[in-house]
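One chain, subunit A, links the two complexes that follow: it is found with subunit B in the first and with subunit C in the second.
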Partner chain A sequence: MSKVIIIGAGPAGLSAAITIAENGLDVLVLDEYMIAGGRLLGQLYEEPNGNWWNGIKESQKLYEKAVELGVKIYLNTPVSNIEKIDDTWVIYTNTETYTTSHLLLATGAAEAPLPIPGWTLPGVMSVGAAQVMTNVHRVKPGYHGVIIGVNVLSSAIAMELKLAGIGVECIALPKMNKVTKESGNPMDVMNSLLHVSHMAPSTFVKLGSKLMKNEFMKKLGISFFPKSGVKMWDIPIMLRKAVIEIYGDGKVEGVKVATISPTGEVIAGTEEKIGADFVCIAGGLYPLAELAAVAGCPFYHIEELGGYIPLHNERMETTLDGLYVAGNITGIEGAKVAISQGITAGLSIIHNYGLSNQEAAIQAAIHHIEQTRKEAFIQFHPAVKEGKQKLKQHWENHRNSKKLEILS
Partner chain B sequence: MEKEMIICRCEEITYGKLVETANTYNCTSRELKLRTRAGMGYCGGRTCRNMVDSIAYSSSERISTEITLKYQPPIRPISFGDLGAVER
Partner chain C sequence: MTRRIINHPVLDKIDETNVISFTFNNTELRGLKNESLAAALLANGIRTLRVHEESGTPRGIYCNIGHCFECRVTVDGQQGVRACLTPLKEGINVSSGETFLTSVRDWRSENE
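This part shows the complex of A and B:
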């Protein structure tokens, strides 16, 4: 039996492991991937102060520090199920079963697909897959690609592909349908881009934000948005063209795009072909909470946090005894927020273990999460803070209803 | 073209079939899954879950207080041998 088990060796899981090991508890970390770091591995961007944030290096630092402190990390180890038997959490992997009293789920996020005719052709991949192939495995996904879906993640990865010498023909919207919805509506996409304007390293977004202070200007901006797109890092970003089909005989050969109205309707007769040997789909991220669901955590769908969130408090405790969450499973945010959440979860575990009183440290760590969130370079949703507030309200309601149950 | 687009790859359920079913029955995503088998293949809905949800909630209101498409263990593919092989 391990004192503490952490599922997920990304920024949240590793920071939690380091915090716990520093306080003298032995920790086991499990991760399904072959390299520690999680989504942090793919990140590569220049910060406003000119420093480069290299996810591979940051991951290595965390990994080495954890190993130095005696943390056991098992990679290539997918967890297929967890359950609580008496007072013990049982963790099932393909070959071994592990047990612990304190279990942290730091399973991160997954990518949502956007279905477009032809999206099952070989050569179509999620934008995150192209990122991992390029930055982690150093394999080019192709020579010239098209990215479908205009958002923070896709524009950041487009730039990374460019750095690796891979051509990106354009970033365009998906044709609007019952799944793509807002991602296919130029106005909605414009709105979602505006909130990142102050932090995005792009003249396009910065320019847009100054112009688009009011609704009238926004409508005007969308109506007169150049059909050939606005270039960022020499890549045309098209808000008035949508990919209506990915074509190819047995593999991707290109995409068909069409001009769309400001509300996303395809304008007949405007179809044209763009050649490409790979296509990336960027539908955004959602919290990967399968294990929390299997364990029986209550869930709430909170749009601002990216999807269904297991109910938890600021100390990263779920409603189930001995089960904790940290990182993107609690809502889609950047790696730095995940690190501060991991530290908080680690402190809560040490405190609850009864080894030492960590109350002051926990309060400081919670404050630090909020501070990190405020200063975040990339924000995935403009109203993350409001989303967190909603969750807090759900937690209060849940606690009050439990109290009533005990009284009656 | 869009109608024939595959949404659930494991069970080969098309966009057209899902939209038509959602419109006919005004159903939740769980009912949509049960009526079409979308999300019931060997991947456990890992690819199409969000899309089935989106299609269902374009004709009925989203239930935000619970996960509508249940997760079942094992949540990752596992061989029968690893699951319960008996040594002889």
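This part shows the complex of A and C:
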């Protein structure tokens, strides 16, 4: 039996492991990938101070520090199920079965696909897949591609592809349908782009974000948005054209685009082809929380946090004894927030283990999460803070209903 | 290996010296030791990793981090291995997933 087990060797899992090991408890970290770092591995962007945030280097630092402290990290080890038997968490993997009293789920996020005709052709991949191929494995996903889906992640990765010498023909919207809804509606996309404008060197978008404060200006902005798109890092971003089909014989050969109205309707007769040898689909990230679901955690859908969230408190405790969460499983945010959540979860585990009182450290760590959130360079949703408030309310309600149960 | 990004303006230069051989559908290929099988195949210009078990239409990598299971291949006789999560080893024999001999629809009608 391990003292503590952590599932996920990303920024949250590794930071928690370091915090726990520093306090003298044995930790085992399990991860199905071949390299530690999780989604942090692919990240690469220039910070306002001119330094590059290099996800590979940051992952290495965390990994080496954890190993130095004696943390056991088993890579290539997918976890297929967890369950609680008496007071013990049982973790089933493709090889061994492990047990622990304190289990932290730091499983991160997954990417939502956008269903578009032709999306199963070889050469169509999630935008994160292209990022990992390019930055981690250093193999070009193709020579010239098209990115479908205009959001924070797709604009950041488009820049990373350009940096590696890979051509990006354009970033375009998906054709609106029942599934793509907001991501196919130019108005909604324009709204979501306004808060990432600081990332864009293009003066148009920068100016635009100041000009388009009210609804009327936003509508005007889309009506006058040039059909050929505005350029960000020299890549046309098209809000007036949507990809209606990905075509190719046995592999991607290009996409068919059509002009759309400000509300996302395709204008007949405007179809044209853009050649490409790969296509990225950017449907946004959602918390990867299946293990919390099979464990029996209650869930709440919170749009601002990216999807269904296992109920937890600020100390990263779930409603189940000995089960904790940290990182993107608690809502979609950047790696720095994940790190501070990992530290908080680590301190909670040490405290609950009864080895030492960590109350002051936990309060400081919770405050640090909020501070990191406030200063985050990349905000995946403009209202993350409000989303966290909603979750807090659900936690209070849950706790009060438990109290009532005990009283009655 | 022109698909490889050896030099990068920000990231470190990669070590491309540890070349090993493996086979894919009986063709001998080369790749870098411990890189993902999906990366090694793409570096060789191979995008189709399997065909849909029922329709036979081609499939390649989709998520590249183990979530979607689109990149299933057979490695040394073991079926359903995710190419994106498998480190490349010297001498492994890889083959692409194939259509089923019997239609899935047929099985279903018998079992319904």
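What we mean here is this: the second predicted complex is superposed on the first by the 400 of 408 C-alpha atoms of A that agree within 3 Å, B and C clash if a C-alpha of one lies under 4 Å from a C-alpha of the other, contacts with A are read in each partner's own complex, and residues count from 1 in each chain.
One rule holds for everything that comes next: contacts are C-beta pairs under 8 Å (C-beta built on N, C-alpha and C of every residue); 3 or more make two chains touch, one makes a residue touch a chain.
All values reported here derive from a predicted model rather than from experimental measurement.
Engineer: Is A:138 contacted by the first partner subunit B, the second partner subunit C, both or neither?
Structural biologist: second
Engineer: Thinking of the overlay built on chain A, is A:78 touched by subunit B (first), by subunit C (second), by both, or by neither?
Structural biologist: In the superposition, A:78 contacts both subunit B and subunit C.
Engineer: Per the contact definition in the header, classify A:17: touching subunit B only (first), subunit C only (second), both, or neither.
Structural biologist: neither
Engineer: Which holds for A:235: it touches subunit B only (first), subunit C only (second), both, or neither?
Structural biologist: neither
Engineer: Considering only the touch criterion stated at the top, classify A:369 as touching first (subunit B), second (subunit C), both, or neither.
Structural biologist: Neither subunit B nor subunit C is touched by A:369.
Engineer: Is A:120 contacted by the first partner subunit B, the second partner subunit C, both or neither?
Structural biologist: Touch partners of A:120: subunit B and subunit C.
Engineer: Could you tell me if A:294 is touching subunit B, subunit C, both of them or neither one (first, second, both, neither)?
Structural biologist: First partner only.
Engineer: Once the structures are superposed on A, label A:32 by its partner contacts, choosing first (subunit B), second (subunit C), both or neither.
Structural biologist: both
Engineer: Check subunit A for residues that touch subunit B in one structure and subunit C in the other, and list them.
Structural biologist: After superposing on chain A, subunit A residues 32, 78, 110, 113, 120 contact both subunit B and subunit C.
Engineer: Would you tell me which residues of subunit C are touching subunit A in their complex?
Structural biologist: 3-6, 8-11, 14, 34-36, 38-39, 42-43, 47-49, 52, 57-68, 84-87
Engineer: Along subunit B, where are the residues that touch subunit A in the complex?
Structural biologist: Spelled out, the residues of subunit B in touch with subunit A are 1-2, 4-7, 9, 15, 19, 22, 46-47, 50-51, 54-55, 58, 62-67, 70-76, 78-79, 82.
Engineer: Going by the contact rule at the top, pick out the subunit A residues touching subunit C in the complex.
Structural biologist: Where subunit A meets subunit C, its residues are 32-34, 39, 44, 52, 54, 56, 76, 78, 110-111, 113, 120-126, 128-130, 132-135, 137-141, 163-165, 250-251, 288.
Engineer: For subunit A, which residues count as touching subunit B in their complex?
Structural biologist: Touching subunit B from subunit A are residues 32, 78-81, 83, 92, 94-95, 110, 112-113, 115-120, 175, 177-179, 181, 244-245, 283, 286, 289-291, 293-294, 298-302, 307-308.
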